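Each in structure tokens, the structures are laid out below.
In what comes next, chain A is part of two complexes: it sits with chain B in the first one and with chain C in the second one.
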Partner chain A sequence: MNNLISRAKELLESKTVNVVIGYEAGPTGLARPAFITDSAKADKLIYDERCVQNLAVYLTKAEVKNFGKMAIVARLPVMRSIMMLISEQQVIGDNLIILGISEDNSLLDIASISVMQGYIDKCDLGNPSKDREILAELNKMTPEEKFSWWQNQFSKCIKCYACRQACPMCYCIRCTVEVNQPQWIPVQANAHGNTEWHILRAMHLAGRCISCGECGRACPVGIPCHLLTMQLADQVWNYFHVHAGTSDKMNSVLSTYEPNDKESFII
Partner chain B sequence: MSDFEPKVVAFVCNWCTYAGADLTGTSRLKYASNVKIIRFPCTGRIDFMLLLKAFANGADGIIVSGCHPNDCHYTSGNFHAKRRWIMFKELMDFMGIDMNRVTFSWVSAAEGAKWAEVVNETVTRIREMGPYVSYKELVNKTIEEEVKNE
Partner chain C sequence: MARIGVFVCHCGENISATVDCGKVAETIGKLKHVVLSTEYKYMCSDPGQTLIKEAIKEHNLTGVVVSACSPRMHEPTFRKACAEGGLNPYLCEMANLREHCSWVHEKNELTTEKAIDIVRTQVEKVKLNSALQPIKVPVTKTAMVIGGGIAGIQAALDIANTGHKVVMIERSPSIGGHMSQLSETFPTLDCSQCILTPRMVEVAQHPNITLYTYAEVESVEGFIGNFTVKVRKKAKSLDEKLCTGCGLCTTKCPQKKIPNEFEQGMGMRPAIYIPFPQAVPNRPVIDREHCTYYIKGKCKICEIVCPTKAIRFDQPDEIIELQIGAIVAATGFDIKHADFFPEYGYGRYKDIIDGLQFERLASASGPTSGVIKRPSDGQIPKNIVFIACAGSRDPAKGIAYCSKICCMYTAKHAMLYKHKVHEGKAHVFYMDIRSGGKNYDEFVRRAIEEDHVNYIRGRVSTIYERNGKLIVKGVDTLLSSMPVEIEADMVVLATAGVANSGAEELAQKLHISYDSHKFFAEAHPKLKPVETNTAGIFLAGACQNPKDIPDSVSQASGSAVKVAALFSQNELTREPLVAVVNRMGPPLHSTCVGCFLCQAVCPYQAIEREDIKTRDGKVLKSLAKINEGLCQGCGTCVALCRSKSIDLHGYSNNQVYAEVVALLNEY
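Moving on to the complex of A and B:
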């Protein structure tokens, strides 16, 4: 952690970056995102197991982009998010300095995007193990059980769209749910509207989800909506052998194709 | 249930399946009249939300059909569609929504007979399955809940 603070100070003092995006301890002891612009305040930075938020979500916000050069504290999911955002031309890689954090919470030396790519390639890119277990159990259920399980979950949904706001890949300025001509998704937080909203969100993240689980963590009523996108991330690997966020030059899975893609249901 | 007539919506591409369905007609082949054909420029244009809209508006079954791979008028629209439908089907299966109600097919402009087969087979299957009660319940629950909240 001291390495992180001294590195942040160094970057701010030398004016290499204008802001360091990291975590600080909040008043209740939980970690919260911090935007450090003054090297004297870099001591506030923390890094431990409390720091779960995916900070890459801020990189596409106009007010953050205005800082110009910035450094960002990044675990593996954040690094993968940054890769996706660069490949989708939402973020300029040269404007970013990655303060990489390894699995054991130590500072990594990541000098460039290609070094970051090398690090990502060496990591396990599957879903987190605890989510893998739940997915395996859900996949064992019959269709009727799955339907009622998900309907039970969706009945809690209040359509606050926290899942969308927390997701670094959901950066559209005008989301489909805000389109009302035509009205794609019923506005009300009812069975129909909730179901279609979660289908839409998962489909728009198919092949783009980097399995950080932030959507499920952000949900105020505890819907495990990250399982939907994680299931699709699994299937993208099964069908197309692609992990999202592994290169800054990759095309999104659903906006590209291979002539020999295999399926068995089209007659 | 014996007098149940399924409503089937067909989303077809302009260049292959629509022309194929036209050929079915000009060849005087008879097929089930339950199908309502909606013409699209390309299978690549058929958004998954359109399928959900069809179900929400009372469809019991859906056919999605376009050019065979490598025959797309726009070169790659059907390849993109194929990837999208693979993902959509996996998601629907995971959420327990019945994808046996949706037929995906490739029907070329020369396959008038295949179109008749696809429609007949789909209508027979949907007739056996009965009306799509669970999705209609989802939509109707809306109205009930709204009434309760007022």
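Moving on to the complex of A and C:
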């Protein structure tokens, strides 16, 4: 952690970056995102198991972009999010300095995007093991059982869109749900509209989800909506052998065709 | 307030036999905003169209639904009628009651109900139609001809003579193509070079033609009237302006043992070479693959002997970008070689040659100066066998088609042989003699009757060598399949004509279709034989299928007319049914976030990047932008866009949604 603070100070003092995006301890003891612009305040930075939010979500916000050069505290999911954002042309890689955090919470020396790519390549890119277990259970169900299980989950949804706000890949300035000409997705929270929203969100993230699980964690009513996108991430891996967020130059896996693509899903 | 007119067509009995058109018109007439709903036997007829035109004026219609056949044929008819009636043509929609309903269902109430549903969706859609204006795109009046064989030469000259600029691209060092390799041509036996070389010179000297030899198409972007073509000018390793074509370098080059492509490997050439004496342009190139300097780093003899110091060893390939309005693909064909035939020894026997090699042997400018000498020992063959359909019409070899030219050139070869070797015997094994064409059959008869060529109807099963003779074993099917065995001194295979090397890659660069044999596909086998499915790209010659010279030249002139017709207009008019990215005032500018995933899925490369900049050039935002000239309105980008920032004119999300909702709602 001391390494992190001294590195952040160094970057701010040398004006290499204008802001360091990291975590600080909030008043209740929970970690919260921090935007450090003054090297004197870099001491507030923390990094421990409380720091769960995917900070990459801030990189696409206009007010954050205005900082220009920035450093960001990034563990694996954040790094993968950054890769996706660069490949989808939402973030300029040259503007970023990655303060990489390893599995054992120590500071990594990540000098460039290609070094980050090397680090990502060595990591396990599958879904987190606890989610894998739940998915395995769900996949044992019949389609009818699965549908009613999800209907039950979706019935809790209050359409607050916290799942969308927490997701770094949901960066559209106008979401489909806000389109009202025509009104594709009903505004009100009802069983039908809730299902539509969750299916739509999952489909928009197919092949793009980097399995950080933030959407499910952010849900105030406890819908495990991250399982939907993680299941799709699994399927994309099975069909196309691609993990999202592994390169800053990757093509969108579901909208590009490769001659050796499996076509077994075409009925 | 929308005022919709609905016109239900009986299509004779095509629709009215199964659909109760009266009931459709009556039911639709009760819908909200429908001010007129009527029926007629033939809407597309003159009275039918007049009915629409007058109704537009009389009822002050704001939208028209013609409930008739598929829009493919008659949408333009009815749009035109609406325009004449004073309504924007894009406020007219068609409900397809024929292909989508009456033809596929029996006569009953459900069929009529389905017809009503189809019309209802279109009524809801047309209410949301907007008046669109046709898109005008400019035409760059420069044509590109790819390939400098006889087809390319003819096309280029014809286009150039209409007064338009032509760029000709040829990948080998000289234009002329296969025709320049031929000795004589059927059915007149006039010298191929004598009739071709003046045309080659004309190409080089024509003020409207720019010739790039030793050049290949690198990429093609754009659309009809507006292609951007990148051409790779391969390094010739010499300064063409300084070189006088004296040829001294070619005589001094120490590498002399490179198989000569022009002689079909029957002769040798140096590493710096002019392909043949009549080459256009008559300048050498260095074959870097075989040049001693490029292999070993030492030599440069050509540089030393060159009187004008024109050699440039460090010359790089050059990529030039050209603005082109129309493209003629005239890339020609190739033939299978003897190594394709296991039954004839896979090319092991030197005296089994292919038709093009025989052309070089018979040519006065060839390696033997026109004396028919067999390759193995230079003896004049006394007994020669020609085998037609070597590979062609043989599904077992994967070539089911007839190569078309072989019957004629085999007769020509046998005749040339007999004219040169009077005492020799010529045998031709054939399956059928296909000599359709002006004076063609007479030509074959002449070979048989005047030159006494022995035609044997049957195929050759095998050829093997015995005591220095090639034993040709076949059957004569006109003599009850009696086995025939001929001791030949030389065998000439009329091998199948196949697509040229690189045809598939070029077709992909041009975005034109090709068949399973990699021959380029025409837009319609009968009525559009020179057009491709890509507007503005035409075909000439054997790149489409094997063709003889007269056919290639006719088709080249045909494609030249198509190009000239295109260039006769200053602007092209396109349907405005294209996608559009929404735009709004700052600070958002658009709901597009610039992920450019649409760019990857667009099959027409119609999506560009647009940077919104401040006055001092700072990029505020990058957006997707649709090129209206390229967009075909397929809607793939609309479906893909997560933020629904793209919409399709004429098929907007709102319109499609209204159609679906109409079906779900009671009426």
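Operating definition for what follows: the second predicted complex is superposed on the first by the 259 of 267 C-alpha atoms of A that agree within 3 Å, B and C clash if a C-alpha of one lies under 4 Å from a C-alpha of the other, contacts with A are read in each partner's own complex, and residues count from 1 in each chain.
Note that in this section a residue touches a chain if its C-beta (ideal position, glycine included) is under 8 Å from a C-beta of that chain, and two chains touch if they have at least 3 such contacts.
Every value quoted in this text rests on a predicted model; they were computed, and no experiment measured them.
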First (chain B), second (chain C), both or neither touched by A:Q188: first
Which superposed partner A:S255 touches (first chain B, second chain C, both, neither): both
Contacts of A:I199 with chain B and chain C, given as first, second, both or neither: first
Dominant toucher of chain A (residue count), chain B or chain C: B
Partner chain in contact with A:W150 - chain B first, chain C second, else both or neither: first
Partner chain in contact with A:I173 - chain B first, chain C second, else both or neither: second
Partner chain in contact with A:K61 - chain B first, chain C second, else both or neither: neither
Chain B and chain C footprints on chain A, overlapping residues: 176, 184, 255-256
Chain C - residues contacting chain A, complex: 588, 591, 593-597, 600-601, 622, 640, 642-645, 653-654, 657-658
Chain A residues touching chain B - in the complex, by the definition given at the top: 138-139, 141, 143-151, 176, 184, 186, 188, 190-193, 195-196, 198-200, 202-203, 206-207, 228, 231-232, 235-236, 239-240, 253-259, 261, 263, 265-267
Residue numbers on chain A that touch chain C, as the complex places them: 88-90, 171-176, 179, 181-182, 184, 204, 251-252, 255-256
Sites on chain B touched by chain A in the complex: 48-49, 52-53, 56, 69-70, 76, 79-80, 82-99, 103-106, 118, 134, 138-139, 141-142, 145-146
